[in-house]
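Two complexes follow with chain A in common, the first pairing it with chain B and the second with chain C.
So, the complex of A and B:
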């Protein structure tokens, strides 16, 4: 399976070190800081808007890292799940009149159904799997374009419901959307944590170490990896659906944009894709750094700064930001 | 660690706080795609806006406007963030970027913030169907359809082949043209293509061998035009004219692709060399040339007009003392004037129902307006092909 073979040993050896700081506590603390950020920042719509975008990226980065870390597969096609979730939720709410809070998880489920078509690709490994899933995203983009009777095609799809009011909290407001996303990211992170701590997680880490050896002791690696693909697709679909209802406009080029495949990879690797907090923190940090710091320094072409930072980061800390922090702690 | 975090947060806050409107100026915000694949369009829009503000400030003694532009990177979420930042900085209105997928969410955000939003870069009918009170646009799909349709009808073809990108604006235009021409008894064949396609020979072969149409219509963008005409020049389908939409009949296209453009027709507002009939147009052309050392461009003209209209409405609202109390949308609805694009007047949905484009034909480095008759600066060469 795909080429993450170099790191599993590190992951398995690092497990005792992680156990000193309970993962759930670190996760809870990190997400609490996230939840408090709007208060610290004065809760301007602008800052909340940036955080909302960063959290959507966080969710997809988390899903990507889950597939990469536990499933051992490198995906360049998460845009497919993102777009399918987005269109499914928008269409279900607009055409069938289902409540948005129901269509969002349904969007995730439709992404799961869509990912079933990817199962044959699990037989591929390394770059072959990556290429197959990349092509897969393109197929869905073209389908969304051609099915104009349903999706509006290239002209886009706009008139569908936004996020609703729940117990007096307007989820469509910046504060409401932000809190909803913090909650969903937390739920997804906890689900990831639960899987990693379960027997399934142990088996998956063993598969990543040596798939042949794990098969010998009776572990069905194909089923377990399939489950990770489905879970990753579900999470990505849910964030695609949330993004669709927050943005309020869908078109194939946007919903299935390569950005939804590429940016989560960058964010996860930047933060440390073998951890749970890493992809979330990585997404928030690079998005805010790019939009707030880099953009204020170079208004047009600020991506250059982000590019340099990423290159330096990959060279200095191949295990991501969290790896760098841990390395620093050990040296201290 | 904590101190570092607080310091970083302080820097971020200080950065965010930058750029509020000065007391003696009225701030107008804009978000444009200044980087990425649409950067060329965004740059042209940016130039037109700046010239419009420069000219408005020069002639207005009472009111001075300052323009703040943010790169939206052609991303809806970043466009929304840009609107929120501009409004928090004190912008009384926002000029929108390019593409309905960007304009839709950005103008929604602007409406939530009760801030007037104007665009010249989105033609989707869904935008005006929302009925937002703060949303305005000067151009629309219907206007492009009217302009191109009028030319095509006047040439009385028996059959037309339309090559249409599946992107939003070209797809809408192709659909509209197909409907209009079919209603007039013209046989229309539409060939949709993915925007990623660069080799158009297979589809041109269909036009040549199956359609055998009189006119080849392109509803697409610059790179597509070049690919289509290049393929047509190789395969030479039996068409009598090649007609395209926006950003085709421009001096830049001819200077970059002189072997492909001769006799090709596209939507246009101005002939080239630029011949301005009115005083405003002459001043615009002069100021533009002086500032950017080039002739006015198609998109710059669009953004010049929208910015000028907005600036005038701001002045009216400021004079009436309603600028800060939500009076700008009403002032916008009072707009009724001739512009470089023709008449502009907003209906209840914020659309400009009087928008219509002229058609210009490339003629050995010049652009001759050939339709409608009222705007024409010369006769169309028909049949006329680049080869």
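So, the complex of A and C:
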């Protein structure tokens, strides 16, 4: 009898769509229009800088939500993939002279390789998986610090190229970086949508609810969850790499900071981690709120306000902002 | 079709199944009977791969004792759960689609519609499995999911429980129809003697994890050990 391993085309084929699911084209177009608005409206470099950071966070939040929504895995260790992608891309471009537009996806691939070490943890569930991946992230921070001959260690690493000029558009400029990030976030969102709409996506959503119910009908849950971990690691690694080339400086305590694990969780839960638009929108809103509002209220330790916001959201709207909006629509 | 050889399951110091040995012939409808805690569901868990067993399980002549759950499902062992386990947030149709794609390795919407029609679930096809279905509908969905994997052997765990006698007879007739229509071999866990007698050609009785009787329903329900296991008193 055929199986996923022998007949991936069947499993990856799009499942019949539900009417309420927005089309991929609509999602992509909506994201593009919303994202291009700041450029068209002539936003300042400061505002574009904030949006660039917000989009980096959006990408990681999307990757985190993909793992949580499709497969039910809660990660506290995405900083590992982020940092590995960042260092890999920076080192490959600096030491081997590879073009940055090649090293960015390679950074994602190296993050995938790094995530392979996490596969045994997929046998764990719930808090045990979360704890295992948290410990794993710390290992990479220590490695990056100790391998100072390669990474510069705690002193940091900065002699590597920035984003290049492509077809006359300077990707290193604020506008160029912003547009590049919009495109990459949109591509990742569409990839997520394609997976979610396939039978693999259906099975993964079912695994998150009841793993035995899916295994008993022939779903190899370990393989599917592994694939999602690898995809999530790849996306996170790519955004780590992009961030590295945008800011032009890396040090282990920054690249592997717990912030890259925690902020995506807050953003995804705030926006609605079961949706695709939720984590992206949540990241933009949370980041701008933190930088513009919270920071002006409490200069040091402003993240405490984010914690408060998260608690309120979890209690008042467990399905996130998007869930709240949809609920409002139904009651309207 | 299915051969169990000295199948034993231990949970710590508790022996849930001890040296269970019997064979199920192709096309047979076999009733698995026994009081609560006899080991019936544990046996289903062992056959389907949810619980590790000692001993040997052969399916279609192939040793499946060490195969994981999903591999056994793809080989043709379908099962239902006593407490229905739908894929909650998916619709009824999506439940069947996942089962068909991963269990049978193909996507055939016409076949899914056929199964929905047979199981009288067409009206509920686009409803979320958990929130919109009543218990009996969920039980029918359990069977429909298993059928979507195109099983050769179907393990039914108390699918008739909770039904009144008239509804039970109708459902038993439905199971006979499934048996004939899909060319199935069925092992069914059921407490009701009348249902087992009307549905099954053979019954195996478990008590405290051991087989105490194996024969036609008429034979086993007259067996003093079976009567004792149910009533707690020795047969006069």
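Following the convention adopted for this analysis, the second predicted complex is superposed on the first by the 287 of 332 C-alpha atoms of A that agree within 3 Å, B and C clash if a C-alpha of one lies under 4 Å from a C-alpha of the other, contacts with A are read in each partner's own complex, and residues count from 1 in each chain.
Keep this in mind: a contact is a pair of C-beta atoms (placed from the backbone, for glycine too) under 8 Å apart; a residue touches a chain by one contact, two chains touch by 3 or more.
Given the structure is predicted, the values throughout are model-derived calculations rather than measurements.
A.B. asks: First (chain B), second (chain C), both or neither: which does A:96 touch?
C.D. replies: Once the two structures are laid over each other on A, A:96 reaches no partner at all.
A.B. asks: Thinking of the overlay built on chain A, is A:199 touched by chain B (first), by chain C (second), by both, or by neither?
C.D. replies: A:199: touches chain C, not chain B.
A.B. asks: Please indicate which partner A:247 is in contact with in the superposed arrangement: first for chain B, second for chain C, both, or neither.
C.D. replies: First partner only.
A.B. asks: Chain B or chain C: which reaches more residues on chain A?
C.D. replies: Of chain B and chain C, more residues of chain A lie in contact with B.
A.B. asks: Would you check which partner chain A:315 touches, where first means chain B only, second means chain C only, and both and neither mean what they say?
C.D. replies: Neither partner.
A.B. asks: Name the contact category of A:214: first (chain B only), second (chain C only), both, or neither.
C.D. replies: Second partner only, chain C.
A.B. asks: Would you mind listing the overlap between the chain B footprint and the chain C footprint on chain A?
C.D. replies: none
A.B. asks: Considering the complex alone, what residue numbers of chain A touch chain C?
C.D. replies: Residues 1-4, 6-7, 10-11, 13, 15-16, 18, 199, 202-203, 205-206, 209-210, 212-221 of chain A touch chain C in their complex.
A.B. asks: In their complex, what parts of chain B are in touch with chain A?
C.D. replies: 9, 11-13, 15-16, 18, 34-35, 70-71, 75-78, 80-81, 84-85, 88, 100-101, 104-105, 108, 113, 124, 126-127, 129-130, 165-168, 170-172, 194-195
A.B. asks: Can you check the complex and tell me which residues of chain A touch chain B?
C.D. replies: Chain A residues touching chain B: 40-42, 44-47, 49-50, 52-53, 56, 142, 145-146, 148, 152-156, 158-159, 174, 243, 247-254, 259, 288, 291-293, 295-296, 299-303.
A.B. asks: Taking the complex as given, what residues does chain C use to touch chain A?
C.D. replies: 48, 50, 68-70, 73-76, 78-79, 81, 85-91, 93-95, 97-99, 101-107, 109, 126, 145-146, 148-150
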